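Consider the two complexes below, in which chain A is the common component and chain B and chain C are the respective partners.
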Partner chain A sequence: MLEELQTRDAFLQRVHPTLKLLSLFTVFFFMIFIYDIWHPLAVLVLTIAAIFFLGKVPLKLLLILLLPFALFGFSFVWLQVVFPEERGATVLFYVFHMPVALENIQTGVSLGLRAMVFASWSLLFVLTTSPVSLVMSLIQKWHMPPSIGYGMMAAYRFLPQLRKELVIIRRARQIRGMGSKPRMREWKEAGVPLMAGAVRKAERTALAMESKGFDGSRKRTRYVQMNYKKTDVWFTAGFILFITVVFLLPLS
Partner chain B sequence: MINKRLNLRDIVVISFISAVLGVLYLLWVLLGQIVTGVLGPVGGGLMAGFWILAPVICAYIIQKPGAALLAELIAAGTEVMAGSVSAGAVLVLGFTQGIAAEIIFAMFFYRIFRLPVLMLAGMAGTSAAFLTQYILYGFSQYAGSVVVFMLVTMLISGALLAGWAGKSFTDALVKTGVLDRFALGRQRREGQQRNAV
Partner chain C sequence: MIYAENVTIAYPYAEPSVEGFSAEIRTGENVLLLGPSGSGKSTLALALQGILPRSVEAEVSGELNVFGENPAVKCITEAAREAALLFQDPDTQFCMPTVREELVFTLENLRVPAEDIEGRMLEALQFTGMLSCIDARIDMLSGGMKQKIAVSCIAAVNPEIWILDEPLSQLDPVSREAVAALLGRIAEAPDKTLILIEHQLNEVMEWVSRAVVLNRNGQVTADGSPGRIFYSHAAVLEAEGVWLPAPAEAGKKLLRKTETTKAALPVTLREWEVFAADYPVAEVHASLPQSKQGGEPSQKPPVLKVERAASAYSMQTVFENVSFSLYPGEMTAVVGANGAGKSTLARVLTGWEPIKSGTVYVNGQDIAGLKPYEIAKTFGIVFQQPEHQFLTPTVEEEIRYGMEIAGWCEEDIVQQTNELLIQFQLGHIRKNHPFRLSQGEKRRLSVAVMVTNNQSILILDEPTFGLDKRNADALFEVLEQCRQRGKAVLWLTHDMDLVYTKAARVLALAERTLVYDGSVEAFFDGSIDLGKIGVRLPSVQLMRLGGGSHA
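== the complex of A and B ==
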């Protein structure tokens, strides 16, 4: 399902992955200085709208994915109310003789919303960027060493096999009468053969790469070219406008 | 040590180990979110050490400069590729945690990989995670005692979950013989030969 979303024919999916990554870090940077409610709320709504309209991601899926973060964000609120750095003056009500101040609720909600903004921009990136295009553009535009990039891709492709190996290990243990249910202290007994298998596979992969003439150098032809296009200009312009309006111009 | 630079085989092996750990990191995030939601960020601090396993394990196996940082970056990258819903935070944390662990190994000139050093690397990793989250999630707005308590739980977690558990797992892994061509496996074989003589 994720793959289908990442390769959908929509605006955000066509934007160069490095630009999306850069925009993600930019938003993180500007959010650090925000302690009011309205900025993060505006960014959150705009981000969700962008993913929905420009990335054609179903709204329902987005909200479901953000739900755990709402819970995570709520922990900021109660922590802020119970253990604030400075208790606010406007006491709204008392819970077990503990004053609950408006200012602290505001700060808590702001921090909680900030966590949700981080999550929503991360979703914008993850839901619209395929792993292959990400690694390819990092190699081609951000000078990631090809040996690391292709090594990562090989490892990523190996992951689906892990589950199968885990089943095999479990059955092997079962047939030897070591019990079928994994217990807490047995994490090593299943984890070690699993990791040993991964290391063996890695060595074989490295050998195969070397024997096919891969030496990690940049001088090679590429099937997938990750070049900047017109879409990227639009995205950059839109993003700069967004940052200027939300963060650089005073809202109130 | 003959060659101190990471070669292709080192890189691919680090990739595979870190990719596996990256998937476990993701599962741990789910667990961490539940714990954090119930106990608050302080309780979540106890989970933090797990995310420093990749640099500890890979540096311990490969024992070359850059292994720890690369491992943590690849683990973070795998999380993002597998569809982590907190991709941005994961990447920032991956970088800071990896750097912190790397600094500890560099301080010992990549020569000493005993338990105290690995525990120190784990603690450095979690303190970097603490600092990063302090800035990202605005911890300055909370009472000092809570923040200090959070740092302490994270340090304990770094020493135990990353340092101790990471070493104990890798020591079990090296006995299988798959690591014989790496620094850690070589040391084990040399030890055996000495015992045989």
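== the complex of A and C ==
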């Protein structure tokens, strides 16, 4: 499912992973200076539109993924209203004798939207970038040591296996414990065989990698060259335009 | 080409696991390393490649040379170009998500020029017959296919020495045959040297040219042609718990029975036919292991009754219309190809997987209405990974655990614990941590903890996986005792020789349903289309068909 999205034939998927990562950091940086409602709202809408049109990610899936962040964002509104640093002057209405001021709602919505922007840009990155191309780009362009990059790849392969194993371990222990045990303890204890298994698996994989001649050095040939292409020029141009219009122009 | 003189290898803070290993291996030889679990075969394999002590901490003394140089001082890429390792666990040999990426990773490591990578990758996959899987995700492949991909990676590197550490032990018989045949094609090449560690020998004897037997300390006790060694060192091998290939085992018995002598034992089916031709048919048949006789039909009510059970994952039917009963004192094997639903059936029987339709009755009660602890009182379930079930820090506490929960009095617990420790040969390690036991000990302990609760049904998933002969025999001795005490013992397996000699009854799953339920004898007598079920005749049965003088 996720892989299918990450390797889909669409514009964002073809953009170099390092550029997408850079754009993510840039947006995060500029968001620091934003306190109003309209800027984050515009960025959010644009981001969602970009993921939908340029990344061909189904809108429904995107909104479902953003839903938990929306709830998280709403908690800011609630916090600002109930525990404001300074209660605003424009009281709109009362909830159980508690005044609700426009200024506090505005701050809350702004903070909440900011969280949503962070979430949506992260999704833009995660949903359109395959782990392999990310690691390859980082190794080739950002000089990440191959030992770390390929180690991350191996670890990434383990995740689904570990989840499967955890289900089996819990069942196995339930049978031993005659099905009657406090849940928290059970989870904690299942971690021991899970970790023991993970360590052993990691050890074996490390041996297999070394036996295949992997020495962690940068001296290796490159079958796939992660070079910058025309798509990347378009992406960069579009991104600079976006930053200028949304963040820089209003400042000047 | 490989020269070892008095090689001793010791891991930190431990007794040496190999002590005084000496051997010389020439180019083109296909050598089988035999020895009991813990004789340091895998350690030697790592040392031959140089990984040990390069990356695995251990002290190596003595002289070890590969191509005239100590492998430990070679750089990683050079060592990998000369000697490759194939490991037993198909799940932990890869670091990339797809077949193509893994092969590229391997070739990039060795600094193969980018323009040559595509060609070498395609050539290797062509050789192993896996070309159609080039863009497949490795996770999605079966164990046998994963192992073929691992072979493809080595074939792409094309080293002179192939070190194979139990490459077949985690595969089902059909894949085992396919991978063994693939390795056989490499063995044929005069410039390739294979060093093989394996327990189950039936598939590989066609191409093994030399056997080296190690004892418990890793010293060479015999070295020569397999047929001769199995003959001259039969007693030692038996004492060390080494599996012999079925023809050699039967040949040994035949010689003993007829009080005759030969220069060597047969190790392949073909050799067996020649060997057995000198003896009368009756004698030959008598020397082959017999299948277990199904006892009298039980008069007792069934402990487990399955009626028209069906199971499905989302919309995909795993099986349907499965009906059978298990009676006290039965030894039953469940067989079927990979993915035929054996494990799912076991999960349905034990109430883990919800049943789609039909009913499972446990001692007359519908399992759907039982609470987990009530189910646990009836079933002992031994998982494939024994470690998953261990809860306490010592072997002794592990065995006491179930009885303590059941509320036994201390006197009974102590008595029963001691009995089990003796019965399962765990007394000498009663204070050890369960995780630190050997594979065979872990398996025995996992069964021991399951019989403490007087459950009436014992279910085991691949009980002999990764065990040597001695441990497998010991395990089945215990299971047989459980059966005699009136438990119904049910195990899932791929091993038809095991089914033939240890089970009385067979349940076969194929084509999404139960296709056979009956005695083991009738299952293998030729009237059942075994190919359809995805299993093979046990080698014993093949030998019966091919052996003996008919004059």
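FYI, the second predicted complex is superposed on the first by the 236 of 252 C-alpha atoms of A that agree within 3 Å, B and C clash if a C-alpha of one lies under 4 Å from a C-alpha of the other, contacts with A are read in each partner's own complex, and residues count from 1 in each chain.
Here is the rule we use: a residue touches a chain if its C-beta (ideal position, glycine included) is under 8 Å from a C-beta of that chain, and two chains touch if they have at least 3 such contacts.
This one's a predicted model, so the numbers in the text were calculated from it and none came from an experiment.
When the two complexes are overlaid on their common chain A, residue A:L162 makes contact with chain B while staying clear of chain C. In the superposed model, A:F72 lies in contact with chain B only, and not with chain C.
Residue contacts after overlaying the shared chain place A:A154 against chain B and chain C alike. Legend: residue contacts after superposition of the two complexes on their common chain; A:A198 is shown touching chain B, with no touch to chain C.
Applying the stated contact rule after C-alpha superposition, one finds that A:R171 touches chain C and leaves chain B untouched.
When the two complexes are overlaid on their common chain A, residue A:I64 makes contact with neither chain B nor chain C. In the superposed model, more residues of chain A are touched by B than by the other of chain B and chain C.
When the two structures are aligned on the shared chain, A:V245 is found in touch with neither chain B nor chain C.
Of the two partner chains, neither chain B nor chain C is touched by A:A237. In the superposed pair of complexes, A:V224 makes contact with chain C only, with no contact to chain B. Note: residues 131, 154, 156, 193, 196, 201, 205-207, 209-210, 214-215 of chain A belong to the chain B contact set and to the chain C contact set alike, using the contact criterion stated above. On the chain A side of its complex with chain B, the touching residues are 2, 21, 24-25, 27-28, 32, 35, 65-66, 68-69, 71-72, 74-76, 78-80, 83-85, 107, 110-111, 114-115, 118-119, 121-123, 125-127, 131, 134-135, 147-148, 151-152, 154-156, 158-159, 162, 188, 191-196, 198-203, 205-207, 209-210, 214-216. Listing the residues of chain B that touch chain A in their complex gives 8-9, 11-20, 23, 30, 33, 36-37, 40-41, 70, 74, 77-78, 80-92, 135-138, 140-146, 168-169, 172-173, 176, 178-179, 181. Residues 46, 49, 51, 54-56, 75-77, 79-81, 84-85, 87, 89, 91-97, 101, 104-114, 117-118, 137-139, 153, 157, 350, 352, 371-373, 375-377, 379, 381, 383, 385, 387-391, 401-402, 405-406, 435, 449, 453 of chain C are the ones touching chain A in the complex.
Interface of chain A with chain C (complex): residues 3, 131-132, 150, 153-154, 156-157, 160-161, 165, 168-169, 171-180, 189, 193, 196-197, 201, 204-215, 219-225.
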